[in-house]
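Some notes on the structure that comes next.
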Amino acid sequence: MEKSEGRAVEIELLVRFAETDAMGLVHHSNYPIWFEAARVAWMDWVGLPYAEFAAAGHHFAVTGLSVQFRSPARFGDAVRIQATLATVRSRQVIFHYRVENAASGALLASGSTEHICVDLQGRMAQIPNRLIEQMALRGISTLTTMSHMGTS
Amino acid sequence: MEKSEGRAVEIELLVRFAETDAMGLVHHSNYPIWFEAARVAWMDWVGLPYAEFAAAGHHFAVTGLSVQFRSPARFGDAVRIQATLATVRSRQVIFHYRVENAASGALLASGSTEHICVDLQGRMAQIPNRLIEQMALRGISTLTTMSHMGTS
Amino acid sequence: MEKSEGRAVEIELLVRFAETDAMGLVHHSNYPIWFEAARVAWMDWVGLPYAEFAAAGHHFAVTGLSVQFRSPARFGDAVRIQATLATVRSRQVIFHYRVENAASGALLASGSTEHICVDLQGRMAQIPNRLIEQMALRGISTLTTMSHMGTS
Amino acid sequence: MEKSEGRAVEIELLVRFAETDAMGLVHHSNYPIWFEAARVAWMDWVGLPYAEFAAAGHHFAVTGLSVQFRSPARFGDAVRIQATLATVRSRQVIFHYRVENAASGALLASGSTEHICVDLQGRMAQIPNRLIEQMALRGISTLTTMSHMGTS
């Protein structure tokens, strides 16, 4: 269900009937949920499962979201969602996403989310060092140059 | 948006496009969410807003749910959801619901939810006295006889 | 992701963060969506993918839903959902479900859904012969005796 | 529930418990759904109810979505969502949105959606003349200058 190529992590999901709308296609509000599932898989991959991260008193609050929809997804389609850490600053992280039809490889959507790290009281906090170290171990510090993702 | 007739509280909602599915109708998973919205309105009505109830360390965990679907709801329909407290025991409450098309009055669905009171650690707790008193003030103690609701 | 034991089909899902609520647990409205995903896998297993079934002009409208919640599911849990065809009549099918924690095997919820077959105009229709034949091939005609499922 | 000031339409919603997540706040995937509800109210206001628009064979497919989250919404909050038509081109419309806490007036989020008009087969189509006329009647043609919304 998951693999990582370079600094990206991919998950694959089957479109649920409940995710469709009366146009017969996946409702656009599901893409942020798919992005999140891929982001959570990315956290697992760098050795910081989100459940542990949260248990340690941290959360990544979403401060920005953008999605560009290219081609619709339909009930029963297998979709592949790729999450890439694009930017890390002391208090902000940005992830980029691609959603593809798993059978054809066709690009369905791309997008990004911006996050700040907050504590359990919702106050802005620094990104935990352990997360930054884990990223460095994986060469992620250079990801800030990945401006060619073209999602903004 | 809300009124109470006897011991029931009603809310009215406009069906959202996001609540439809590829059959062109409201997806059945939305009815429990509508039931909950009506249940929350019921709590407001008896003077125990759910947010305060939760802040005081209590939650009504859902232990059972049943829905009978009679006629579909569609995007743009105004629907009326009626919540009635049906049964109160020391550790359990049961609510009954009716969902009607607000324009025609046609019955769309009926159902019930069963709840236990839990504390913040998820342990079963007694129904707070204040809630039982509020119910008694409104003659709700006799609701246990409302077996004619026909939802079980 | 899927296997079939006897007449049941199982799928496994990772709980999404978006499926949780402010109690810190999976919101109960997600279980009907998980049931549906397992039901769709069941249809695949008997050789009648739901997308084809729908393309042929048929839908299984949900006429009844019940869920008994035993133990909560949490963000990040792997859950296993088992769907079993319990009853087939000329115009009605009933599925039973079990939701388990995939790691511990603990029962989280059980439930059932009742369906009628409808055509694209929403009129009640007979269950397609092809579906009944496929069920017979798999010995499913005897499932009507599975009253020990304990979901009613 | 709705009012229009100048060219904007506002709706007010009560945050549902089901819209919260385990951080205790509204999950970000609900904002596109709220945007849509306000957009549908906007269509009603210009005399083109979306249900009629769709029945006439048209849909506004969402091609882009962006949201900036400023302050969280919580269960039980009343939120006010304002939709404004920002840009109309022959084949594209852009709406801007503001989400405010209805009690305090505090800005919770802003955002935009981009749409193309498609027919029932999903092919790109011209914006119906009737919609453009209705907009002109309401002075909406000048909205293309509203670049101070700051949502892009």
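Letters A, B, C and D name the chains as they come in the text, with residue numbers starting at 1 for each one.
One rule holds in what follows: a contact is a pair of C-beta atoms (placed from the backbone, for glycine too) under 8 Å apart; a residue touches a chain by one contact, two chains touch by 3 or more.
From a predicted model like this one, the values you see are computed outputs, not experimental measurements.
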Starting at subunit A, find the fewest moves between touching chains needed to arrive at subunit D.
1
Please tell me whether the contact surfaces of subunit A and subunit B are same or different in residue numbering, using the over-half criterion.
same
Chain pair, C-D or A-C, that carries the greater number of C-beta contacts:
A-C
Taking each chain's centre as the mean of its C-alpha atoms, give the chain farthest from subunit B.
A
Between subunit B and subunit C, centroid-to-centroid distance (C-alpha), Å
25
Averaged over CA atoms, how far is the centre of subunit C from the centre of subunit D? Could you give it in whole Å?
35
Centre-to-centre distance between subunit C and subunit A (centres being mean Cα positions), rounded to whole Å:
29
Can you list the subunit B residues in contact with two or more other chains?
17-18, 22, 25, 29, 32-33, 36, 75
In their complex, what parts of subunit C are in touch with subunit A?
1, 14, 16-18, 32-33, 36-37, 40, 49-51, 54, 74-76
Within the complex, subunit C is touched by subunit D residues 17-18, 20-22, 24-25, 27, 29, 75
Can you name the residues of subunit D that touch subunit A in the complex?
22-23, 25, 28-33, 36, 54, 59, 61-69, 72, 122
